[in-house]
Every structure is written in C-alpha cells, then in structure tokens.
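After this come two complexes, each holding chain A, first together with chain B and then together with chain C.
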Partner chain A sequence: MPLIKKQKIPLLVDKMLKKFDVIGPVPKDEKYVFSKVSRGEEVFLGYDTSILPPKKIFFPQEETLITFKKDEQLEFKPALEDGTPSKTDGDRKFVIFGVHACDIHAILTLDKQFMEVYPDPYYISKRARSLIIGVSCREPKETCFCGIMGTYTVEKGFDLFLEQIDEDEFYVIVGSDEGRKLLSAYPDFFEASTEETLEKLRKVLKEKDEKFADSVSITGLPTLLEQEFDSVNGEIWEELGEKCLGCGTCCLVCPTCFCFNVVDKVELSGKEGLTKRVWDSCLLADFAVIAGGFNFRPTQTSRIRYRIYHKLKYELERGGILGCVGCGRCNIACPAGIKMQDVIKKIKGE
Partner chain B sequence: MKTLVVNPYLPIPARCTKIVSQTELEKLFRFEFLGKTIQENFDYLPGQFLELSIPGFGEAPFSITSTPTKKEYFEFCVRKVGTVTGALHDLKEGKKVGIRGPFGNGFPLNDLKGRDIIVIAGGLGLVPLRSLINYILDKRDKFGALKILYGTKQPKELLFRDELKAWEERKDVELLITVDAVPEGQEWSGNVGVVTTLIPKVEMHKDYTAVICGPPIMYKFVLRKLDGKLREDLIFLSLERRMRCGIGKCGHCAIGPKYTCLDGPVFSYEEIKNLQGAI
Partner chain C sequence: MIFLVSDKGKLKVAILGLTCCGGCQLEILNLEPVLLDLVEVIELVNFPEAQSENKDGPYDVAFVEGSVTTREEIERIKNIRKESKFLVALGTCACYGGVQSIRNFGDVEEARKQVYDDDGSHIDALPATGLDEHVNVDYYMRGCPVDRSEIVDVLTSLLIGKTPEPKHYSVCVECKLAEYACLLNEGKLCMGPVTNAGCKARCPAVSVPCDGCRGPYDQANLESFIEILKEKKISVEDILRKFRMYTSWAPQYRNLKVI
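Coming up: the complex of A and B.
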C-alpha cells in the first residue's frame, strides 16, 4: 500500500482538477462546507465536520424531476434527455476529496435507499460520476457519537481512503478499481510504504479505538426499542416530544435522511412547468397527513419517536444498514438542544 | 456512455373518457392511455394504485377501482378533498392527465383463489374493493363464496348504486349494506348501524378469507369483531397512507419499517399486528 505526504495533497488535487471536478471541505464562517474547488490548497483536510453532508451532491435540496406542458399540449419529459436526469455539470466525473468515515457510511445508506428496488435515475446519474476519497478524523468533536455507532472507521464505500499516520503522512487504502486507477494515473504523488509506516498505521488505529470508542454501543438497541414503544420508559418519548420544536432542521443536516416532498411549479405563461422534489422532514406536523386531513402521527411525541425509531431500528430492519452514523450534525443544529447520544444512552439505561 | 434507465418518476399521458357523478362529493373517472398499445399492455392487480398527475396542481395516489379483466380502460373513484382531487373534479371528459404505476402489491389473489371470501368495506374503502369484487365476479368459478359487507355514514353516500343492485340480485353473492345513521330527508329501509354490526349477521367458517378496507378508525373495530373467528394470516387490510412517490423513496408512507407503497398497501393482519403505528 502506498503513502502520500501531506504537502503533496494540494498538488495532487491541482493535477486532478485537470481531469475532474473536485469537491472538498473548505472553510466558511468558522465552519466548513463541501464546495467545488478551483485550487488544491482550498481543500482543508483538517476540518471537523461540514455544515451539510456530501448527501447534497447526490440528492440536492431541490431537484427538478420532470418538465411538463399543460392541458391539450400535455407532455412530460424527464429533466434530462436520454431518460436520465439533466447533467448540469456535463459528463465530467467528479472527486469528493476528504470525506470522513461516518459520511461514507451515510453514503452507503443512501445508495441502498436510492439504488435498489426502483433505482432512482437522478441519484444514480450523479453517483455514477463520483469518486470518493475519504480522510480519517484525528479527534472526535464533542458533538460526535461515531464511537457509539461504530462508524469512525469504514471498510468500503470509497475509492481511496487517506488514514493520517503522523503530522505529515497519510497511508492510502485502496477501496476500488477506480481508486487503483487513480494511483497509477498520478504515480508521482505517492510513495511505497515501509515496515515503519505499517507500524505507525497499526499504532494510529489502536489509538483511534481508544480515542473514539464509547462505553455505550448500539448492540441490543433495536430489541430495547421494541419494548420501549408504548410504555416502560414511555416518558422518554413524552419528554422528547415536549422538547422538540418540530422544525425539522435535524433532518436537513442529516447525512442519511432521504425523505422528500414532490411539488409542481408552473411558469408565468401558465402553459408549462416542472415537477421537483424538495427535502422534507418527518418531524413536520403534516408529514403523515392523508387526504381529508387524518394525521397518522398527530403529536410531536409520535413524530420524534418515529424519527428515532427510523434511525436506530427500522432502517436496520429494512436494509441491514444503519440509519444513523453518529456524525453529530443534528446535535449541532437542534435549537432545542436534543442530543441523539443522550437519547441512545437513556434507552440503554446508561 | 449513454445509460438508458427506466425513469419511475415519468408520468404517461392518459385521456379521461367518462365521468359519472356518484354522490355529492365523489365522481367516477374513466381513463385510457393515449397510445393504444400502452393501454393494451397496461396490466394491474386489484388493490394496486396509480399516481395521477394534473400538471400545475400536483400528483396524488389513487386506488384503481376498475378490474383488470376490463382491458380497454381504468377507473378511479375520487372524493373532492384537496388540491389534486379538486382539480380532478373540475376535469372535463376528453381532457388529459399523467399516470404512473401501477404500484403496490395488490390483494393476494393466490391466497384468495379457491377460498370463501368476506369483503368488508367502509365508506370509500369500497373503491379498491370494487376492483377485487368485479375481478372475482368475472372469474367466478375460480373463487368460493363471496360475502360483502358495506357501510357508509348515511344513505346518500352509497357508491356504485347500480352495481350494488346487480350484486344484490346475484345468487352467488351475499351483500349486506348498512348506514351509520339516517339524517332527516333521506330515505332508507335497510340496516342502521356501523359496519361491524353486520358481521354477526353472516355465517362464516374459520377458513374464510377477509379483505377489509375503510377509514383508518374502522380497522380496530372490525378486527375486534373478527377476533378468534378467522385466521390472522387470512385477514387482509388495505391501508391508506400518503404515498408521494409510490416507489419507496420519499418516506411519507412509512409504517414502522414497512413502506405502504412497496410492502403494501395490502397487509395481512398477522404481518401488521405488532407493527408500531399500523392500526
């Protein structure tokens, strides 16, 4: 396995920019966002977390699905020409450079949701053009709980993963054929690892377990939730329902939340328009309302309970994959101060 | 590289060929796809639903009320309650809409074939069940006894009156109708009481298969009344949720770990008995 020196990374990105679009974490108002870069030095791999996860690249906040003509001219067209969605960025592949392990886990969850059963052409068209280069986290942020979810390391879902082994060196893990091709396309930037680097890697990974792992784990959580739905510690849900403002911000910043609403917009001419999807949240009061006004989750308690069950139980039951990756963005965003790890600990009675 | 992917979000234009008013609030809409081959190749199961799009107003899921044994058209029966249904009620014969689907599992025909069946419908619940009933009647020898219990709030809300009459006259169908109440000015000489009051009036053995559809509130009362009378794996319920996409993506129709649009809308009682938030 190869190695890359820290100072070579911006140069590598510069070189990649000739062939790919590159999206990476860049500073913004003392926080970080994933943004298209034009120079390698813009990518800041020492970021803690980004405001929005890379989800927004594959599943944007608003996305046109269909364009239509109304009335007698009635016609529907996919918002792209060949039956796939519009390619606003052209056919160029893009590299997402610097994705943390938790966010890679989240992309795997989204892949499951959007690429199976009825494959979603809009998601796939963007996902198929993406290369993912992961980067390790060195310290958990106080809001992070990847230690509980077991997501501070990742084994798949990336093309390359850069594991930092000391101040100026990254060990490069290859995760796909595409990743291997990257290595051979840019041989000048990588060097071979030695027995010494492998030793460093082992040490770093061991230290990581000590730094990140939590005494609480999610083992047994689904079974506990099975019992907690109605009673026993039913007050957990009442308390949360009292606290939750129902603003839905946690869903907007969540790397695995995939719910959306579908709306039509008509052009001023009144003759044509478009159908688009926009991010939605199960915490909003009308999310589960049916025609006629009946609401299947009429209280904030029932809504937040549903969200937590979806994250910690239902998604596992559906796809065998985590609905929460412990990135902690919901903790940062929640105006009511609800913390997912506190909820987990409470359910586990710790 | 040009990837040709089927786009499950793309509606196909269909023309409204007939509108028949059913009650003050409900109309029956008949549609045909514009392309003859599309219509001829269009197939579905009783109990499945379609997404109907009126551009500019939006899209909504509707149960198909016609039977797939009639190949020339498909029908919806829709109550005017919101934006899309309002626009649909303003639609004139000859006008066009967009259609996606069919989606959902439909009624379990394999579990129904050869069996004695009891259909329990409350209000608009008759809409998807009409598809099943007419399917059974078109393939009568494939099914056993057919008993239908149907209740509405008041006499003027009864749907498909001509068909009710025809079913009533058939010797191979037992149809019982009830209304919750008879407000002044409406005529009614039949049963009065909620639909569950009809259950003790029909004879059933333990191997009857029940198919139930009605307003959300109805299920627990019907299930309570059927408790112990029938096998839980042979009681089927068609559930209503807000199916925005129809393809298991948008999250709106989730019931616990199930998606109504993919895993349902028809579930056996056994399947959802312990499902949080189902009934």
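Coming up: the complex of A and C.
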C-alpha cells in the first residue's frame, strides 16, 4: 500500500482539478462546509465536521425534477432522461476529497435508499460521476458518537481513504478499481510504504479504538424500542417532545435523512414552470398531514419519537442498515440540546 | 377562493395602506424585474402609493398593509373586506399590529401626551392591531418588510387557481438549507426557532440574529425556547424585549410570561 506526505496533498488536488471537479471541506464562519474548490490548498483536511454533510452533493437541498411549458399543448421535460445526466448538469466526474468515515457510512445508507430500495435517477446520475477520497479523524469531537454506532472506521464505500499515521503522513487505503487508477494516474505524489509505516498504522488504529470506542453499544436497540413504543406515554418521548422546538434542524443536517417534498413552481405567465424537490423533515408539523388536514403525528412528542424510531429501527428493518452513523451533527445543531447518544443510553437504561 | 385568469381576464388588484411606514407597498414597487410581467396579468385598480388614477372596488385581491389604529381605519378595513374576494394582510403590521403595537402594553393616553404634548386631543388612537381583529383575513404575508418573492408566489397561485400555501415551520429550516452557522448556538438571541419561515433567513445570512419580524409559527414551542435562552444566560429583560419588538400583539406573544 502507498503513502502520501501531507504537503503533497494540495499539489495532488491541483493536479486533479485539471481533470475533475473537486469538492472538499472549506472554512466558513468558523465552521466548515463542503464546497467546490479551485485550488488544492483550499481543502482543509483537519476540519472537525461540516455544517451540512456531503449528502447535498448527490441529493441537493433543492433540485429540479421536471420543467413544463404550455403553448398550444402542455409539454413536460424531465430534468434527466433515462437516468442520464442532462447537459446542464454537466458530465464531468467529480472528486469529493476529505470525507470522514462516518459520512462514508452515511453515503452507503443513502446508496441503499436511492439505488436499491427506490432507484432514483437524479441521485444515481450524480453518484455515478463521483469519486470519494476519505480521510481519517484523529480525535472524536465531544458531540461525536461514532464509537456507539461503530462507524469510526470504514471498509468500503470509498475509492481512496487517507488514514493519518503521523503529523505529516497518510497511509493510503485503496477501496476500488477507480481508486487504483487514481494512484497510477498520479504516481509522483505517492510513495511505497515500508515496514515502519505499517507499524505506525497498527499503532494508530489501536489508539483509535481507545479514543473512539464507547462502552455503550447499539445491540438490542430495535428490540428495546419495540417495547418502548407500547408505552405510548413513555416518559422518554414526553420529555423529548416538551424540549424539542420542532425546528427540523436535526433532519436537515443529518447525513442519512432522505425525505423530501415535491413542489410545483409556476411562472407568473402561467405558461411555464417546474417541479422540484426540497428537503423535508419529519420533525415539522406539516410532514404527516394528509388530505382533509388530518395529521398522523399531530404532537411534537409523536414526531420526535418517529424520528428516533426511523433512525434506529425502521431503517434497519427496511434496508438492513441503521439510519444513524453517529456523526454528531444533530447534537451540534439542536438548539434544545437534545443528544442522540443520550436518547440511546436512556433507551438502553445506561 | 379560486381565480382562473383565462376565465376572468386580468386579476383586479388593490394595494392599500393603513398605519405603517409604507415599506411593504414599496416592496411591490421594488419588484422591478417582473413588474411588466405583473401588469400583463393583473389590473392595478387601486394603488394610491404608485398611481394617481384609482377606483374603488370590487377587487379580486386586496393587499392591505399597516395596522388598524383608529376608528376610521376600522371602517376602512371593513369596507375593503366587503369589496374584496381575497384579502391579504401585507406585512407584519397588517398581520399582528407591528412595531407600533408595543404601545398597547402601556397607557394610550400617556403615549398621546408624550408624543403630541397636550395638543393631541384630535388624535383618535386605539390599540394597534392586525387586520384580523376586525375582519377575516385570507392570507397572512408576514415580514418587516414582506419578501418580494412571496408577493409574486401568492399572485401566481391565485392566477392559476390554487390557494396560496402558508409555511408552517420556522426560520431555522431555511437557515439550515442555506448552510449558515447557527447563531443561537453561539449564544446569541436568535428568534429563528420560533419565527415563521419565508424570509430565506436573510438576517442570519449576514450573521445577524433573527429579530422575529415574521412572528411565531403556529406550533412554536415558546416554553422550551425561553428555557433555552435562559440557560444561555440571556437576561429576562432582553428576552422580553425581543418578543415585544415586532409582533408583540400576536396572540401567542400577547400574554407571554418570560419569568
């Protein structure tokens, strides 16, 4: 396996920019966001987390699905035809540089949803053009709980993964043929690893278990949740419902939430318009409203309980993968200070 | 209420003002990029701020800005209501009473003396309220001032025969979608979590905390929000002042207990 020196990474990105669009973590208002870069040194691999997850690249906050026009007849035009990207979308491949292990797990969850459970041409077209280069975290943030979810390391879902083994060295793990091709396309930037680097890698991974692992595990959660639901007025949910502001923030920053609403936007002339999808959140009051104004989940208690169930139970039942990767974005963003790991611990009676 | 432009020709529109700064009507004039498209599909029957020849109703749609603050205005809004098929409360003053409703919490006589000295007897001042204390309102367009795109969206909906859909969620949603950093979590008194969306989080966009000019959304959890602010060591006076700023007369805020 090869090795890359830290100072060579911006140069590698510069080189890649000749062939690919590169999206990476960049600073914004003392936080970080994933954004297209034009120079390698813009990519800040030491970021803690991003406000929104890389999900927005494949599944944007707002996305046009269909445009329509009415002259003599009403004409519809899908933004994508047969799942192939339209010209306006561009067909250049792009590299997402610097994705953390938890977020790679999250992308695998989304792949399940958008490529298997409900194949979604809009998602697939962008996903097919993407290359993912992961990067390791060295310390968990206070808000992270990848230790509970077991997502601080990742075995698949990337093309290359840079595991930092030293202040200025990254061990490069190849995760796909595309990744292997990247190595041979840019041979000047990588060097061969030695017995010494392997030793360093072993040490780093071992330390990681110590730093990241949590005494609480997720085993038995779905079974316990089954019991909790029976007591509809269970104090966990009442307490959460009273605290929750219903702002929807947790869903909007979540790397695995995939719910969206579909809305039409018509021009003033009434002769043309478009249908778009926008991110939605099950924490919002209108989410489960149906015809006649009836609401399946009329209280905040019922809504937040639904979210927790979706993440820790329903998603597992449907796709075989948990809907939470412990990235901690909801913990950071929740104005009410609701923490997912506290909820998990409470359900588990820890 | 449904209109179809093809059936009815141009939509007959009135844009009128009661007690306010006039800024929301100005936002309509500021719709320059689409103003010409707009007059293709609507007929401005009565718009005294912008044109000199105006007619009374009936109107298909009346946009009325400003709060009701005098007996004469009560009569005016009742007449406008009678003449309009669809009434839009244009801006926070028309929705809730606006900034001027702060005076409802004190003695109106006292306020009159303070402002006009002893010569204020000719001023007929009532508590400042939104339109709906006197008439039914079909759509509340919140904001100080309103968001221009909402004006176009509401008109478009009416033109194609759809009831305009109000948003039932907070500014936080639009703030997160735009990927702005959370100001409340930085310890600032941001009203985002209880304030009705629709402004695209224009204040947080420039790192200014939300002042709550659009008023509370219908299921806002005020109790929890106030608790959170107190935990952040924001003083009760500051909290109360913020709630009293733009929409103090909103039913949810009117009798708000902060302590």
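In this section, the second predicted complex is superposed on the first by the 333 of 350 C-alpha atoms of A that agree within 3 Å, B and C clash if a C-alpha of one lies under 4 Å from a C-alpha of the other, contacts with A are read in each partner's own complex, and residues count from 1 in each chain.
We adopt the following convention: a residue touches a chain if its C-beta (ideal position, glycine included) is under 8 Å from a C-beta of that chain, and two chains touch if they have at least 3 such contacts.
Computed from a predicted model, the values in this text were never measured in an experiment.
*Asks:* Which holds for A:L284: it touches chain B only (first), chain C only (second), both, or neither?
*Replies:* second
*Asks:* For A:C247, select first, second, both or neither according to whether it touches chain B, chain C, the two together, or no partner.
*Replies:* Second partner only, chain C.
*Asks:* Under the stated touch criterion, which partner chain does A:Q300 make contact with: chain B (first), chain C (second), both, or neither?
*Replies:* It touches chain C, and chain B stays clear.
*Asks:* Chain A residues in contact: does chain B have more, or chain C?
*Replies:* Counting residues of chain A touched by each partner, the higher count goes to B.
*Asks:* Regarding the shared-chain residue A:I332, is it in contact with chain B (first), chain C (second), both, or neither?
*Replies:* second
*Asks:* Mind working out whether A:D29 is in touch with chain B, chain C, both or neither, as first, second, both or neither?
*Replies:* Second partner only, chain C.
*Asks:* Between chain B (first) and chain C (second), which, if any, makes contact with A:L52: first, second, both or neither?
*Replies:* A:L52 sits against chain C, while chain B stays out of touch.
*Asks:* Could you look at A:V262 and tell me whether it touches chain B, chain C, both or neither (first, second, both, neither)?
*Replies:* The first partner, chain B, only.
*Asks:* Need the overlap of the two footprints on chain A, from chain B and from chain C, as residue ranges.
*Replies:* 266, 270
*Asks:* Spell out the part of chain A that touches chain C in their complex, as residue ranges.
*Replies:* Contact set of chain A toward chain C: 28-31, 33, 51-52, 56, 61-62, 242-249, 252-253, 266-270, 278-279, 281, 284-286, 300, 332-333, 335-337.
*Asks:* List the residues on chain C that touch chain A in their complex, please.
*Replies:* Its residues touching chain A are 5, 34, 37-38, 40-41, 152, 155-156, 159-160, 168-170, 172-173, 176-177, 179-182, 184-185, 192-194, 207, 218-221, 223-225, 228, 231.
*Asks:* Within their complex, state which residues of chain B touch chain A.
*Replies:* 2-13, 53, 55-60, 79, 81-82, 85, 95-98, 215-216, 240-242, 244-245, 247-252, 254-257, 262, 276-277
*Asks:* Under the definition above, what is the set of chain A residues touching chain B in their complex?
*Replies:* Residue positions touching the partner: 65-66, 68-72, 74-78, 82-84, 113-114, 117-122, 124-125, 128, 229, 258-264, 266, 270, 273, 275, 277, 280, 282, 287-294, 296-297, 302, 306, 309-310, 313-315, 317-318.
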